[in-house]
Every structure is written in C-alpha cells, then in structure tokens.
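Quick heads-up: structures coming right below.
Heads up, the next two complexes both have chain A, just with different partners, chain B and then chain C.
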Partner chain A sequence: MQGLMDGLINGTIIGLGAIGVTLTYSILRFANFAHGELVSWGAYLALSISAALGALLPGLGTPIGPFSFGWSVPIAIAGSIILTSTLALGVDWLLFARLRAKGSAVIILVMASFGAALAMRNLLEFIYTSQPAYFTTALQISKPLFAGMRATPDQLLVIGLSGVLVLVVHLLLTRSSAGRSMRAVSENVQLASLSGIDVRSVIRMVWILGAALAAIGGIMSGLLVQIRPTMGLDLLLPLFAAAILGGIGSVPGAMLAGIIVGLAEALTVQMIGAEWRAAVSFVILIGVLLMRPQGLFGKAMA
Partner chain B sequence: MIDLLSYGAFFLTMALSYSVICLGLNVQWGQTGLFNVGVAGFVAVGAYISAVLTTPETAERLGGFHMPIALGWLGGGLGAAFLSALVGAVTLRLRADYLAIATFGAAVVIQLVLLNLETITGGPFGIGFIPRPFGDLATNANAFGLANLVLMAVLVLVTYLVLEHLVRSPWGRVLRAIREDEDAARALGKSPERFRLQAFALGGFVMGLGGAAQAHFIGFIAPDNYLPTLTFQVWTMLIIGGAGNMRGAILGGVLVWGIWAMSGNLVSQLFPAEHQARASSLQIVMIGVALCAVLLMRPRGILGEVKTLSRHLGPRKPEDTVREG
Partner chain C sequence: MTGILTLQGVVSGYQADLPIIRDVSLGVAKGEFVVLLGPNGAGKSTLVKTVAGLVPMHAGRVTLAGRDITNVPAHQKLRDGLGFVPQTENIFATMTIRENLQLAAQILPKARRADRIEAMFQMFPDLAARPSTRAGGLSGGQRQMLAVARALVIEPEVLILDEPSAGLSPKMVSEVFEQLGRINQTGVTMLLVEQNVRAGLEIASRGVILVEGRVAHDAPAADLQGDPIVSRLYLGGHQPRTKVS
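What follows is the complex of A and B.
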C-alpha cells in the first residue's frame, strides 16, 4: 500500500512536467528534449534563492507549521517560476524562434532542443557540481493516514497543490480567451493568425506556462527527494511517456497519465526491483504507440 | 618522436572508429531523414555482443565464446540491426518525432540492461580482456598501432564504398525521394515504411559494427562509455561534417574527435585534479552550443549533401533549383 502513496506522489510530479511537454508539443509542434532541463533549472534556481534568503534573513528558515521548510521556500518558488520562464523564453528567442523563422523542419527543432538540453544540463553541473543538494536537512516523520498508508505533510502538500494546479491550467485553457487562442493555434496556425490571434504571444504563453509547471515540479521533487543536475534527464522519458499516453494536447490526460506512470514505477520497484524502474516508461511508451498512438484523450494526429 | 607516432596512430584509429558510427547515422539521418536519439545504445549493443562472442570463457558471467574477432564484429552489427528493426517497426509509421522519443527510450533501457544483467554484461564494471586485433604485435607499440590504424582505415573505406554504392543505387534514390516527398514516392508505388525500415536497420548495422570495432581496439568496455553524451558527440560529428555526405561523415568524425581530445587535454592541463570533473562538463556545454550554432548558421555542414541527378538530365538551369528545405 505504501508503494501506492509513493507512486501517487512521483506521478503528480511527472504529470506537472508532462503538461508542459504536451503543450509545447501540441502548440509548437515538436518534442522538446530540453523540457527536463527546465525542471532541473527550476529546482536549482529555487535552491539558490532560498539559500540566499536564508542567509540574509535567518527568520525565514524556521519551518511553517507541520512542513519541513520556512517562508524562504514559497518565496523561492515564486522567484524560480519567474526566472525559469525567463530562461525558457531566452532559449526560444536565441534558438527555436530563429529556426522557426527560417522554416526549419520539425526534426531540426527536435535536434536543436537536444543540443540545448546538453548545454543546459552540463552548465548546471559546472555551476553546482554533480553532488546532490537539499532544500532542508530537517527530517519529517510521516503520519499514518488510512489503510496503513503513511505520508509526510510535505508529501500531502505536493499532491494537493498539484491537483489545484491542474484544475487552474485546465480552466485557463478551456474558459479564458488566452486559452481559446492557444487551442486555436494548436488546431491550425494559419487559420488562427488569420482570425486575428497573435501567434507570438500564444507561443510566449506556452513557454511561460510550461516552464512554471516544470519549475514547480522540480522544486517539489527537490523538497521530497533531492536536487541533482541529472534529475531532468532522468524525468525526460517518464514525461514523454505520460504526454503520449495522456494524448498530445490534453492537460487532464497528461496529469492522469503521469500518475499512471508513477504508479507503474512504484509497482515495478516493489515487484521486480528498483534497478528496473527507468524501463517502465519505455514499456508504457511502446505499448501506447503499438495499441493507441493517439493516447487516452488525444485526437488522431496526421 | 616514437611516442608521437604511436599516439598519432592511436588518436586516428579512435577517430576513424567514430567515423564508422557516424557513417551509420548518416544512412539513417542524412539519406533518409530518420532521427535516432539512441545512437549510444545501438553502439553499445554492437560492442557488447562482439565482446561476449570473442572473449575467452570466464566464470563470472555467461558467455565468453572465444570466437574469431571478425565473427564478433559481424554479430555486433547484426544485433544492432535487429534491435533497430524492432524499434523502427513500432515507430516508423507514426510521427517523425515519435522515433526520436522511442530511440531515446531504447538507449535508456539498454543502459539499464548493461548495468543490471550482470550475468551477461558484467554489470557496472563491464567486460575486459576483449581480444585486440594484432594482439601478437603488442610488444612493439608502433607496429601494433599502425596495424590497427590500417585495419580501422580499411573498415572505414569498405563501409564508405559499400554505402556510397548503395545510396547511388536505385534503392538510395528511393530513400531520398521518400525523404523529399513521401506522397510522390508512394504514388510511384514505393512503400515508404519498408524503405525506411531497411535504411534504419542498415544504419543500425553500421553503428553496431563501429561499436564492435571500437571495443576491440580499446580492449575493455563499461556502461559509462555509452551515456547520452556519446549520442551527442556522434550527432555533432555528422552535422558538422555535413549530413547526407558520406565523406562529410568521415571528416566530421575525425575533426570533432580531434577537437574533443584536444580540449580534453587542455582541461587536464589548465585545471587542478579536483576541478577536472567540473571543467569537463564545460567541454560538453561547448559541444551542445556548437551543435545548435551549426544548426542555426550552417545547417548543411562543412561538406553538404551532393545533389545527385540523373546524368541524362544535364546541368540544371538556375530557375529550376528548389530552395533547400
């Protein structure tokens, strides 16, 4: 039963990242291999802000209520969201926008994202070294919930916050005019721009939204486990598996599929062994591509 | 002087082994437009199969079949080709970037297998005592180095000639036709799926062959040799050398390996030992930036693709030329 809880927590983090992947995929139309690096950068940027705050104003480090972290962490989350979004927009301006302007093929964008991921990941390793880092060293006692499951307050916060975020993003996409423009661009770029939608601002919105969710996912993973330069690379395959399983373009699908991937990983760890965990996403991916390439909630793509 | 000679031979042999791998990627990407993000995995399969087939029998792990080196190379190539065909069969009928995601995943799983299936792969420590070609000459460093260099050069040459012959054959023309305009090729009765699968498997064979040759030259292999960085390196080689051009692929292998080895030397001289791991990550940042810069500024590489036209058509008039897409 405890495996279920762990799977659920990991799954929500995968889901948050997969929402970003699915949005860039459906609106910018390419598989972004650099998305995992936004997760790592988000976590490291928050770590730096939180450490700086903690050094300047030690009062911010005292834990809030039952949680393991002080007010420096929520402030760091806000700061990291802004910085990670800026980073994503910067990479787009420097690389992807130029390739789009040249009319490059989709696969060139994929390849460029591959090169960008390599540079971003190793830059992190250069700045922060490959040693794992932590937000706090405080230990948390997990509290019994029901049916023998236990969870720490931090873990429950992560699950609750993820649920709220998915709801917010889903409402944003389905109910707001910005969301309508995004969906219009994902249907047909030419028609959307003919009907007066500013495609550039839609693209900016996609990057900001994707980077913000990636940063939050990275910070959550950092709070619960640890922060490493390769955390984004390790997440990349689960992110793609979840985005494709959920159906490209579907936000609730990405979250649900993220949880499925997380639970499947937890199950594998219990039944087969932790060393095979990373293979789960691949098996799911191949299964989906063989049986239902459009995913659970996706439309068949040309 | 003597040191310089054997170092030069060693360096060139390594560089040429990358050229072989790069030629394999060129069949997939340069000729057919198939994006393989799992190069390291397919190279590893070739290297490990060849190592298991040729090493002497050992107690710690299964295998060690003590076969001749040539059989090992062949087995390595065939194994990588078989795996490529499997991955290709699942993904080639879908969107182009699904192949990228699936090959990336395949490389992750292959890395896991190398690490965890200790009874076959030797686990994290890998496989040692892989027989080296011309092992009898090992006492004479220069003769040994030169003999291996010649062998690797012959392998590159033969691979080059065979592939060049293939891409100029009707089969190669169909590949390019599919890459440029799939619907037109289909209308002419060619099955894009079948040709793509063949090209993907052929490219996988060459990569596996390159991996096997490299493993035998170094003499030991471990999972760490086949991390995603290797994939990036090979891609950079092909893109810089010139995708679609076989000679470009060979040149790119030698050139990028040269830059890599030199910058590695520089790092080890400039930085104290405790900072070297950190500094070598800058080396990889550089490769990533170089790859992006070439994609932006000179997408065709140093030696771009040579336009092959039927000799009956004669020289093209300028107004006929289509913009590079």
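What follows is the complex of A and C.
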C-alpha cells in the first residue's frame, strides 16, 4: 500500500509538469522537449533564493509547524515562479518566437526545443555541479494515515497543493476571459485573432503558466527527494506520457494521467523491479498512441 | 477614393514577389452593400483577407472611417470597427453558442457585453433557442448565422463576409442572404464576397468584379445583372479587361 502513496505523490508532480506540456502543445502546436528543464531550473532557482534568504535572515529557516522547511521556501517558490517564467519567456523570445515568425515547420521547433533543453541542462550543471542538492536535510517522520499507508506532512502538503493548483488552472481556463482566449487560440489561431485576441499575449500567458507549474513541481520534487540537474530530463518521458494519456489540452486530464503514470511506476517498482520504472511511461505512451491517440479527455482528431 | 472603407493601390499576396492582388482601389460608402464577384482565383478572398489583416500587404493604403488601418494588426482592427466573417472555420466548434458570442464580445466594455449578446440572440432567434449547444453540432446555416452574430456583437462599422453561402443548400442561402439584407438595413455597411453571381447581385446595391487581382467592373448591381459581359465572364470564362464604369 505504501507504494500507492509514493506513486500518488510522484504522480501529482508529473501532473503539474504535464499541464505545462499539454498547454504548450495545444497553443503553440509543438512538443516542447525543453519543458522538463523548466522543472529543474525552477527547483534550483528556488534553492538559490531559499539559501540566500537563509543566510541573510536565519529566522526564515525555522520550520513552519509540522513541515520540514521555514518561510524561506514559500518566499523562494514565489521568486522562482517569477524567474522561471522569465526564463521561459526569454527562451521563447530568443528561439521559438523567431522560428514561428519564419513559419518554421513543427519538426524544426521540436528540434530547437531539444537544443534548448541541452543548453539549459548543461548550464545548470555548470552553475550548480551535478551533485544532488537539498532544500533541507532534516528528516521527517511519516505518520500513519489509513490502510497501512504513511505520509510525511510535506508529502500531504504536496498532494493538497497540487489538487488546489489543478482546480485553479481548470477554473482559469473554463471560467475566465483569459482562459477563453487560450481555448480560442488553441482551436483556431486565425479566428482568435479576428475575434480581437492578441495571440502573442496568449502565448506569453501559456509560457508563464507552464513555467510556474513546472517550477512548483520541481520545488516539490526537491522538497521530497532531491534536486539534480537531470531531474527534468528524467521527468521528460513521464510528462509526455501523462500529457498524451490525459488528452492534449485537458488540464484535469493531465493531472489524472500524471497520477496514473506515477501509480503505474510505483506498482512496477514493487511488482517487477526498480530497473523497469523508466519503461512504464514508454509503455503507456506507446499504448495510448496506438489505442486511443486522443487520450482520456481529448477530442478525436478529425 | 471616398467612403467609410477605402482601398488605394492595394498590392498583396502571401509572397512579395508573387502578388495576388495587383493594384486595387475601391471605396465602400456608409450603409452601402457591395458584392465582390469574380472567377475562381481572381483574388476575391485574398482581397478581403488583406483588409482584415490576414494576408501581407506590399503596397497601398486601407482606411476605415477615416482612420488608416493599413498596418493595424488583425486583432486590433475590430476596435477600429471592422467585422470579418471568414469563409470556413468561422466559429469555435468546441465552444457553446454563448461562449462564441462571449469571446467575440470580450473587446467591449464589460457593461455592454451582456446587452450586445442579448441583441444578437434577438436578431438570431435560432441561436437564442439553444445557447448552451456546442457550435460544432450546428447545421451549416446555423453555423453561418453564429459566424455573422460573432462579427456583429461588436457593432462594426463595416462587416466583411467571405462567401457565407459556400456549402449551403439553396434554401439556406436565401435565408442567410435575407438576414444579411436585414442587417444592412440596420445601417451596417457590407462587403460580401460571393460565388453565386445572381444571388449576390440581387441582394447588393453595387457589384465589383475582380479579375486576376484587378478591378474589371465596378457598377450598380442592377446594371451588372443585365450585362451580357458579366454572364459571358462566368459562363464562358472570357475575361474582358476594360472597365464598364
């Protein structure tokens, strides 16, 4: 049963990243293989802010209630969201926007995203080295929940916060005029433009939203496990498996599929062996593409 | 050129060295109903898409109500009072009828949005009967009505329609055209691209015939209706080069 809890936690982090992948895919119409790097950058940027705050104001490092971290971490999350979004907008300005303006084919954008991922990952390794880093080294004791499952307060916070984030993003997309604009651009860029929607501002909104969720996912992963420059790369396949399983463009679908991928990974580790973990996303990805390419909540392609 | 919508020396096309529209000058007066006719490939759709900001313009000038809108991006032309209904994919199929109208009304001040959507429901009772229906499930005629309503929500000065009769049954075409006539009578200036010459000239007050990216004829609709050159142009494919007016 404990495997289920671990899978659920890992799945919510995959889900947060997959929401960004699904939104970028549906609005910009290409698979952004650099999205995983936003997860890593988000975690490292938060780590730097948190470390700087801890050094300047040691009081901020005192743990809040039952959690393993102090106020420096929530402040670092806010700072990291701003910086990671700026990074995503910067990469778009430097690379993707120029290719879009030239009318480049999708494959060029995908290849460019591979290049961007490589550059972003290596830059991270150059700055922070490949040694794992931690927000806190304090040990947390997990508390029994039910049916033999245990979880630490940090883990429960991650699950709760992920649920709230999915709800907020889902409401944003379905109820607000900004969300309606995003859905419009996702369905028909030209008609959206003729409806008075500034497509460039919608694209900026998508980068900010995707980067913010990726950063939060990275920070959560860092809080519960560790931070490594390759954490985004390791998440890449699960992110795409979840985005496609959930149905491109579906926010609740991405989260639910993220949890399914996380649970499938945990069960595989328990029942078959840890070395098969990485194969799970691959099997899910291939299975969905063959049997239900529109995913769980996506619309069948015409 | 004078009028609420004017085009002066417009040259446009997807590639600068391959213009589709070659030097078009045209004026549409306030309240006028102009139909743009021409053989396939004449550049009718390209011309209206150029005005809407969807096709790059390489030379010339476009004004709307005295304002130069030549270099205004497509999404801002609505604010200048230009409504455009594309020929295909002119509604958001995954959204409901109400959501389509809400989206179109987004550029209006908040206080006016609900009133304008309500006005559209009164103008198109067919749409009012099913506001929560997904637009993708509507019939061809209803889709066109929604596409027109989407463009009308913002109360445009000029409404441009790119072949609204395409793919519709004759009965639907006459229904859509009747509705367009009623809209014109409310004071909306109309520029309609049409393949159906007879129907187009019956509804419009003036006809402009485009041939190979240039204006070949520009005359009152009644004059063009009885013109043997016009029927020869469409029936035999002969393309006269001289203007009749």
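Quick notes on this one:
Keep this in mind: the second predicted complex is superposed on the first by the 301 of 302 C-alpha atoms of A that agree within 3 Å, B and C clash if a C-alpha of one lies under 4 Å from a C-alpha of the other, contacts with A are read in each partner's own complex, and residues count from 1 in each chain.
Methods note: a residue touches a chain if its C-beta (ideal position, glycine included) is under 8 Å from a C-beta of that chain, and two chains touch if they have at least 3 such contacts.
Bear in mind that the values here come from a model prediction, so they are computed numbers and not experimental data.
Clash-free side-by-side placement of chain B and chain C is the outcome of superposition onto chain A.
Looking at the shared chain after the overlay, A:97 reaches neither chain B nor chain C.
Set against each other, chain B and chain C touch different numbers of residues in chain A, with B touching more.
Here the vertex is the CA centre of chain A, and the angle it makes with the centres of chain B and chain C is 90 degrees, a multiple of 10.
Of the two partner chains, chain C is the only one touched by A:198; chain B is not. Once the two complexes are overlaid on the shared chain, A:278 sits against chain B while remaining clear of chain C. Once the two complexes are laid over each other on the shared chain, residue contacts for A:190 go to chain C alone; chain B is not touched.
Once the two complexes are laid over each other on the shared chain, residue contacts for A:177 go to chain C alone; chain B is not touched. In the superposed pair of complexes, A:233 makes contact with chain B only, with no contact to chain C. Figure legend note: chain B and chain C, brought together by superposition on chain A, show a least Cα distance of 8 Å. Residues 30-31, 33, 95, 98-99, 103-108, 110-112, 114-120, 122-123, 125-126, 129-130, 233, 236-237, 240-241, 244, 275-276, 278-279, 281-282, 285-286, 289-290, 293, 301 of chain A touch chain B in their complex.
Residues of chain C touching chain A in their complex: 52-54, 73-76, 78-79, 84, 86, 89-95, 99, 102-104, 106-107, 150, 154. In the complex of the two chains, the chain B residues touching chain A come out as 33, 35, 37, 90-91, 94-98, 100-102, 104-106, 108-109, 112, 115-116, 228-229, 232, 235-236, 239, 277-279, 281-282, 284-285, 287-292, 295-296, 299, 325. On chain A, the positions that touch chain C within their shared complex are 177, 180-181, 183-184, 187-188, 190-199, 299.
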